[in-house]
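Structures given as structure tokens follow.
The following pair of complexes shares a single chain, subunit A, combined with subunit B in the former and subunit C in the latter.
Up next, the complex of A and B:
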């Protein structure tokens, strides 16, 4: 079984961020493996440990993102593919899906696993768009995954409950971070990760024009705003009768819930 | 001259990708597995066999030892990083890892022959056995020439008699490095190291010592009554025990310095958090300059200490002399750590004096670091010899 896991490098959620004049500023030194991607890697490792095969991780990002590939290799993935894009700030979900689709059209796999979203934008679109591009059977928000008789049995979390979906290989599954606890790399894993192969390719190698992907982006980011602080609640004072009367008036005329 | 022929830069502060990954791994492990239960262990004084075994699975018990003997093959800087991360939450556990790795295992790695390394070091690096290192006696600490434990040659064996005190992993250890006098006339040059194993006839330990802090680290006395130790368990050359011990203590001091940086970072982070949560007179106390200056001083001192510790570790990794630097790192870090913990309690006020918060434990744990592996006074003696010539 060959599983391809699309992973992403994201800013450390505990690193401070600030917004100035509509622009987001964050500590670009503190970048980590996206938690949803980590769950996808873990699930892929568990499946291959059980059924044999190997896990390859694929990442789109700048040179610095190689450290995140190494983290996935230290967890146990066998090899990595680094699709090097120095500036990913102009790429939206659709652009990521297009680049990843170009790579996967040239490679072999039984299943592609991705996070159901990533911690930076939480858009949650790339997995579905990639499945559409590659015309693959698709299940989103997986919380469990098994492999039986050439098919992947996905337990997915829906709004009102869980459902079981059978997908014939090859297919694409997006993983929830509730799926598992991603393993922490051991020192030997870190040591071995240095000896594992990482192939670096450019979008041009895959026939993707990165400049037009950025300029023809389907989404336009207009700016960032701070989440407004909560306004303080209203405090009533006076006699009980007066307070109830005030409250009823506000519920009826201001909140209009009565 | 082309640029390639210029000497490479020799001063840099970036961690390597390996060191960064190690830091992330141990931090995740400590936050998930160690931090949630640290208060319970401080109260129960129980040794955390389960957590130590998980650390072994992550190869954290032989960080800088050779891969040939089961070690992870990383460097001393990585070791310092790991100890800081563990000590951030649980200094007792960090002390266990430090003494196991940089005292017992390091002595066998330094002075052991191939057979001894294959047999003993391999069991230590994989965590199959825990290691203890026995130098201090009830009547002699840093003045090792007053050592009373003796080893007398008897055919193919040595017969050991004596007692050692304050032995970390004294009751949970499986492999012990014990220093003993083999020739009283020779003074410090008449001390030799031996490898002892738990279960040898006449080799026993006392009850766990009740201490101010470092409660879940295992500390006790060990006793040797006519213990028959095979001659092949002599560690290093005859009469070289004390010379090797000095080298081991240099390395040990990097470990103690790292633990001090870790505890102080805990004091700093907990204080910062509390100062922003605790409001008095209508605003967080962290907005008062009196509190801000305390936190700022902690931050500056922690950085200074970490730089001293990592410099000593870097020198050791590059096979350069580091006695002076390790001693400076240990002295400065341990004293600044106690001060940081005192200030952390002050910032926490009455709550800081209770066991509801971590900072009182930090202070109790910190004090040991000014004492163990050479007191601050001994460090100043060592440094006086180095600095005033």
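Up next, the complex of A and C:
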């Protein structure tokens, strides 16, 4: 089985951030493997460990993103593809999907796995867009995945309850981080990752004109804003009885929500 | 005249509140910009919603009737909505951001070479441009994202707008839909639902949410007692869906659902940004936590610093009394 996992490099969202004149500035320029992509890598590794085959990871991003590819290789992926784009600031999910589609049109796989959304933008579009371009059956928000008789059985989280969907290979699955706990690379894994093959290609190699992709981008980010703050609240400490009666009084008479 | 098309989601014979929020706001947006407003409903029996929809003043109601929509599969929804987008030829398609919408939006936008802006907290039309604000970086900041494409899809977080009626009497147009089930490359095998799925979390007026602090079955019982007493939906942090104490459907936050109830109880929840991302829009937030420095207190309208195992039985008892009076 050959599984292709699309992985994204994202800023560390836990680092403090501030906004100056509509632009975002982060205390740290640390970049990490997107948590949802990491769950997709983990799930692909588990499947190939069970059924044989290998995992390839594919990333669109600048030179610095190589470290993220290495991270996935250290987890156990066999090889990496780095579609190098130095300035990704003008690219949205639709642009990434177009580049990823161009690569996958020339490649072979039984399934493509992506994150159900990315940790920094929460867009959740790339998977569906990619599936559409490649005419693949797909399921989003997977929390479980099995392979049986040439089909992938996806357990997906729906609005209420979970749905078991069977997809004939080749297909595309977008993964939730509720699926698994991504493994931490071992020292051995890290050593081995250095010798694993990473193919670097440019969008031009794939027939994609990156300049027009940026300038014709369908969406534009015009700035950032603070999230409106909440009114400061009231905090109680002390005996449980007293706190509860204070709370009851406020819920009934101030907030009027009971 | 150019139009806005709103797709309304239905569940168990009702239109979802989050869809009515979007529809209500779009009526206003359409009026302000001299646009038409059309609504699309896909269901096994869509005609039953016509009266409800007409309370919100659409200019036209498109329906597609097909039993396949009971099957939770994305490809028939994509085909049907696509047909309606072709028919209505809107400039803006708006949805409530449900899990089902999240599954189809990317593919739909790609199919129509349209722009897609998901999960917005607000949106408006300014001349040729659709302008939105959406939470990013685990909802720590809002990104202003806009599009001047000829066709734009937006999905809207629940609780972003109020439901407001504006009665009208639009005609219903049933659109034929030939769906070749034999050609399906995906098959729904089973729907697994659990007890907690009964109350729709994203629609609930009151949510009682549990975190790691509830520890075990005993804590879970206290949560369920409080929720039953209040007639509330139960929600959960990732810590307790991961541990299996609550089903994953109940998770609230960045990975889980966005809720916007009138009253939210965060019990034994620390208030990690990824959790807050899903509940910060709640009107009144009550936090119960034994750690006075827990970040959840920064969001709480009313915070109780103490042991939930002592506080919850008392609280449930007092609420029972109020409800009995």
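By definition in this document, the second predicted complex is superposed on the first by the 228 of 258 C-alpha atoms of A that agree within 3 Å, B and C clash if a C-alpha of one lies under 4 Å from a C-alpha of the other, contacts with A are read in each partner's own complex, and residues count from 1 in each chain.
Basically, a contact is a pair of C-beta atoms (placed from the backbone, for glycine too) under 8 Å apart; a residue touches a chain by one contact, two chains touch by 3 or more.
This is a predicted model, so every value here is computed, not measured.
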> Of the two partner chains, subunit B (first) and subunit C (second), which one does A:190 touch, if any: first, second, both, or neither?
Replying inline: first
>> For A:32 in the superposed arrangement: first (subunit B), second (subunit C), both or neither?
In response: first
> When the two structures are overlaid on chain A, which partner does A:143 contact: first (subunit B), second (subunit C), both, or neither?
Replying inline: second
> Of the partners subunit B and subunit C, which touch A:74 in the superposed model: first, second, both, neither?
Replying inline: first
> After superposition on the shared chain, which partner residues are touched by A:61: those of subunit B (first), subunit C (second), both, or neither?
Replying inline: neither
>> Counting residues of subunit A touched by each partner, does subunit B or subunit C come out ahead?
In response: C
> Which residues of subunit A touch subunit C in their complex?
Replying inline: 11, 13-14, 17, 19, 22, 24, 93-94, 97, 116-117, 119-129, 131-133, 137-141, 143, 153, 155-168, 171, 176-178, 218-227, 230-231, 233-238, 240-241, 243-245, 247-248, 250-252, 255, 257-258
> If you look only at subunit B, which of its residues touch subunit A in the complex?
Replying inline: 17-18, 20-22, 24-25, 28-29, 32, 57-60, 63, 67, 72-74
>> Per the contact definition, I'd like the list of subunit A residues that touch subunit B in the complex.
In response: 32, 67, 70-71, 74, 181, 184-188, 190-191, 193-194
> Which subunit C residues qualify as touching subunit A in the complex?
Replying inline: 9, 11, 72-75, 98-100, 102-111, 114-119, 131, 133-149, 185-194, 197, 200, 202, 206, 238, 241-242, 248-249, 251, 254-255, 262-263, 273, 280, 283-286, 292, 297-307, 310-311, 314-315, 318-319, 322
